Amino acid sequence: MKQFSYLPALIVAIILLTGWEVGARIVNEMYILPSPSAIVQKIWDLRDILFTVHLPATLLVVLIGLVISIVLGVGLAIMMSVSSFAEKAFYPLLVASQTIPTTALAPLFVLWFGYSIWSKVVVTVLITFFPIAVNTYDGFRSTKKEWEELLFTYGASKRDIFLKLRIPASLPYFFSALKVAVPMSVIGAAIGEWLGAQAGLGYFSKRMMTQLDGAGVFAPIFLLSLLAILFVVIVSLLEKKFISWRKDL
Amino acid sequence: GCSKGTENAEKTGKKETKEVTLMLDWYPNAVHSFIYAAIEKGYFKEEGINVKVQFPSNPTDPLTLAAAGKVTVGLYYQPDVIIAKANEGIPVKSIGAVVRSPLNRVVSLKDSGIASPKDLEGKTVGFPGTELSKEYVKSMVKADGGDPNKVNIVDVGFDLVPALITKKTDAVTGAYINHEVPVLRDKGYEPAYFNPADYGVPNYYELVFVAGEKTIKTDKATLQAFLRGAQKGYEFMKKNPDEALNILLKHEEKASSPLIPAVEKESMGILLDKMEAKDEPFLSQTSKSWEEQSKWLKEKGMAQKEVAPEELYENLLK
Amino acid sequence: MSSVLQFHNVSFSYPEDGKNVLEELDLTIQKGEFVSLVGPSGSGKSTILRLVTGLEKVQQGKVMINGESIQPRDGAVGYMPQQDLLLPWRTIEENAALPLECRGMKQREAYAKVREYLPIFGLGGYERKRPKDLSGGMRQRVSFLRTFLTGADVLLLDEPFSALDAITKVNMQEWLYDQWRKWEKTIVFITHDVEEALFLSNRVLVVTEQPICFLTELTVPLGKERTRRDLARPELLELKDELIGMLKGKVPV
Amino acid sequence: MKQFSYLPALIVAIILLTGWEVGARIVNEMYILPSPSAIVQKIWDLRDILFTVHLPATLLVVLIGLVISIVLGVGLAIMMSVSSFAEKAFYPLLVASQTIPTTALAPLFVLWFGYSIWSKVVVTVLITFFPIAVNTYDGFRSTKKEWEELLFTYGASKRDIFLKLRIPASLPYFFSALKVAVPMSVIGAAIGEWLGAQAGLGYFSKRMMTQLDGAGVFAPIFLLSLLAILFVVIVSLLEKKFISWRKDL
Amino acid sequence: MSSVLQFHNVSFSYPEDGKNVLEELDLTIQKGEFVSLVGPSGSGKSTILRLVTGLEKVQQGKVMINGESIQPRDGAVGYMPQQDLLLPWRTIEENAALPLECRGMKQREAYAKVREYLPIFGLGGYERKRPKDLSGGMRQRVSFLRTFLTGADVLLLDEPFSALDAITKVNMQEWLYDQWRKWEKTIVFITHDVEEALFLSNRVLVVTEQPICFLTELTVPLGKERTRRDLARPELLELKDELIGMLKGKVPV
């Protein structure tokens, strides 16, 4: 990744925002197109309920979902990298499963799990499981055959090869996967909340929609984006720390 | 999560309180005042239950989740209960009638010039996803001498008012005389509407409490307790409509979904008339009503078969 | 001198393509020898080393080290592949400690042992660096140290210097020669560079047939004390021409 | 990508399907968990309306969405690879935009575009635009500097370098992007339809949901998956044809 | 003989690091010469070629070809980089036709011209193959043909054979020498291989200082008719030692 100066991006972002603000003031129908300033104002007005009720609810879904995805995804990746039968059995299914519009199944999860947190966690897991499993698995496979052979000649056990070779080699892949999965997990949580929830930013946004409160619709979406950005930043920092040996970092 | 605060704060009962989840038909409004009053006044607690209120994300959730046992009680519409039972065999029964006549109206904006159902020909009508409201529109257009196939009907989910005022649809059905209509007025639009009952649709219970058959079998006592609590809430609401309304308004204020007091007040007036009738107290249901509906729906081809009233409702409070 | 490494009547083919790479090959390497293996690309040189390491299994005949049959993965030989194959996420000392760790030594002990040897191999002060921060020659030295730390008496080096630039290569050759004299290991060395083979080895084994049934053997008429200048001697120039001649005949253009 | 034998995957798939069928028959509540056989039966029963009305409607959304995404995505990629200002201005925004839960905005698109095809196309484009733009751009950047310099010494113009170097070099990246974007476009179309439509497989699924017809919910989802698979296969064939020069194909 | 390539008082530094690579360098290369450039890694050999191609711009002084200042991208010289840099999606003939296409020739014409030359470069019958299907030596030949087809009289070759195995390398050297004699081009050739430099060139220019203010010049005492055997002559062995000595002094270990 090249190092960018962020100034031009900032300028364009400001131009876009200004355009939006002006456009919104011209259209002047807040429930169709709220202005950015109105959205910020709304976040401030609703800060209490947003930050103490809905943000924590979503955060919980995202965290539980991510943890489950990571456990299952990495687990499956390990299984596939250890057993060639598991690889042959699951990899094609995993890829094929990506064509299933899982979000369309979400209403069923509501039937199964009710409006509890689990219907949302399932959507989140279904969305984020795939990139984590596949990327981590590709990471395990990325170890050069020559490395493995070399370790074999040193008398290394399968466990040695796994611990000393596959795991470190797969870390960069794992982190890339995480950086993709994190925004997806936020989106998944929002969709899930949207389809059946009693709290959460996605739920709140939907509710504001029925009240014709345009700024209220956008305010939680804005927070969702911030949440995703925050998570990505955290992952990037962890990445920097753990794979500083990479040439390109 | 709106009921969380109250429910936790008052967990002082000595005996084991039973958790009951109630899924409303929509977001809270005047029609639900008696429930919030019952919670606030501790009527449910007296019956040894703890009621948690949920709002549906999908219009059909109160029925399906009650059937699947994911909520204890749901608020739903009488004709839709019959159709679900007849066509898909969904294991639910009605356990009490809440609103005894239709609130549902076909609403348009006055300046669109729709005066009767016939005028809907060539127009777009939004419906909230329940199959029945769609069929009602068709049946009304037909009864008025129009061609139902010329009406363009689209699913707008819960966003009835937005669809109407952004002119994405010319009219909406599933809108309530006691909610959408006053809301439109409040927002400065002049609504025009007509009543299904005027176009051949027989009287029906707009809202009933439904519960899954399994719940009815295994948890009858809890349901009875719930109904008793609801009844007490209703009595309170009847006597102190303003206070009951205030409880609701305050509750919604806290959830940042403030209701418009004037609208809800108007609504309350309309509602109180419809929640009980002569010889038919609050929550009571008559076999006749279920039979008639079932027959009419079968006639109109909306239900695949007639269903016996015993399979449709049960009066738990004798 | 006793024989350290022996091939008895060894035949081998890769299951994937079936045709024999080795056919009834006999080969003996003495203790303390420095033997070079040269031959056309794809002729089976690496295969010979892989058989010794146990990475491939003989289909007929026997490969013996110190009179015993090869067991896969017993770490009886130290194998140094063509690329340095240092693990990028490990520091220099962690890389060098790999064979020790794989033999079950505790990390702390292993690192201590590595640190003893780092200065001897000209790597003092680099223990905490990562491979990406080292030059090609230094990486080769880490790789050699790692091979050395397997503790094996027989070292198998597969074109270790082919990726180095000419000048670094010359330096590394001289350094390797010194190391060999110092530690008295047996070394089998694959190379494409004829001069390199002549400068380093006691014997040069040339692949002249495919499949390999025997290896043409040339003895280098130089003692232990040798310098690069010696390569200019007439008998060595003749040997070199002979070698190039043998190889050129075999190479498809 | 390794070549797999598909037998183990088939076996696992059959086991899963059988388990589902048996499970569904035990639960015996079709609206909660319809059995696969009931779903297939449903597709057959509804074949007329599914294949003549809803499938074409969704197909249209997917195709229009993909074409727009490709045009905009490739266009932006070209802009960024030609102008370093555009790169600095848009690339960070593009990456940041991925954290916006666009699907949560979908109800607003309905307000903006009505129940026409465009509200769904917008969702599809928003979902698929990003992978296409970023991957194609990475493809353009993937040309070795040495190649460019060599062409410079031959007196090549910027146009030559673009046509002879960047475009061919970016093709593999473009095709990978397409393979990711295609299932996403189907999912996007389904979400869009689900929020407001009069036809389409997503709409149909939702309608069946309101009718509590479990098999009817799954039938169009099954077709959506098939649609995605079909598209991926088409893209793979095109890929084989156009980048046969890759070593690993 | 007239001078084809001249550096007058050239200074150059990369803007990124600022310190001079070349400093007031003067250099003349005659028409039809084969000149080798040897020197330590990072000493600036490639930089000299890049200045001639116009890929880098002199900051002081002048680089002239046939008495005229270098214009960037005028295709006055043919540059052959170290890797073959064949475009993997183009067939052999399409690759070779690249410089012709870039000069605006129609594709059809360009391919026709390429096909004339393919057999001469030992590539007959391979026009429709892709680079991945060719051996390293053949790819180098395609790369050389491509450089040749630039039509330039001056060819700049930057370590073209360093990636080849020793035997293929020897063959390619002999082949290149023949080509040079046949086409009578002027060739500037960078290499790390001292023998290669001696075998191929009229003159060897050695980088002995950094920044480069002058190049130490060695004339190879061999005529046009030479064979590899000639490298064993005493005067050449001496030259070789001298060269290695010069280079070794400069290499940090």
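By letter and in written order, the chains are A, B, C, D and E; residue numbering begins at 1 in each of them.
The rule we apply is simple: a contact is a pair of C-beta atoms (placed from the backbone, for glycine too) under 8 Å apart; a residue touches a chain by one contact, two chains touch by 3 or more.
Since the model is a prediction, treat every value here as computed from it, not as a measurement.
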{"item": "Chain C and chain A - chains in contact with each", "value": "none"}
{"item": "Chain labels contacting chain B and also chain D", "value": "A"}
{"item": "Farthest-lying chain, centroid of Cα atoms versus that of chain C", "value": "B"}
{"item": "Rounded Å distance, chain B centre to chain C centre (Cα mean)", "value": "85"}
{"item": "Distance between the centres, which are taken as Cα means, of chain B and chain A, whole angstrom", "value": "38"}
{"item": "CA centroid of chain B to CA centroid of chain E, Å", "value": "87"}
{"item": "Rounded Å distance between chain A and chain E, as computed from the means of their C-alpha atoms", "value": "52"}
{"item": "Contacts with 2+ other chains: residues of chain A", "value": "31-32, 107, 111-112, 194, 206, 209"}
{"item": "Shared interface positions of chain E, touching two or more other chains", "value": "none"}
{"item": "Residues within chain B bordering two or more other chains", "value": "58, 64, 68, 159, 162, 166"}
{"item": "Pairs of chains, among all present, that meet the touch criterion", "value": "A-B, A-C, A-D, B-D, C-E, D-E"}
{"item": "Touching residues (chain side chain E, partner chain D) in the complex", "value": "53-55, 72-75, 77-79, 81, 83, 85, 87-90, 98-99, 101-103, 130, 132, 150"}
{"item": "In the complex with chain E, residue positions of chain C that touch it", "value": "40-41, 122, 137, 162, 165-168, 170-171, 192-194, 228-229, 232, 237, 241, 244, 247-248, 251, 253"}
{"item": "For the chain A and chain D complex, residues of the former touching the latter", "value": "4-9, 11-13, 31-33, 85, 87-93, 96, 98-105, 107-108, 111-112, 183, 186-187, 190-191, 194, 202, 205-206, 209, 214, 217, 221, 224-225, 228-229, 232"}
{"item": "Of all residues in chain A, those that touch chain B in their complex", "value": "31-32, 46, 49, 53, 57, 107, 110-115, 194-199, 203, 206-207, 209-212, 216"}
{"item": "Residue numbers on chain A that touch chain C, as the complex places them", "value": "144, 146-147, 149-157, 160, 164-165, 168-169, 171, 243, 245-247"}
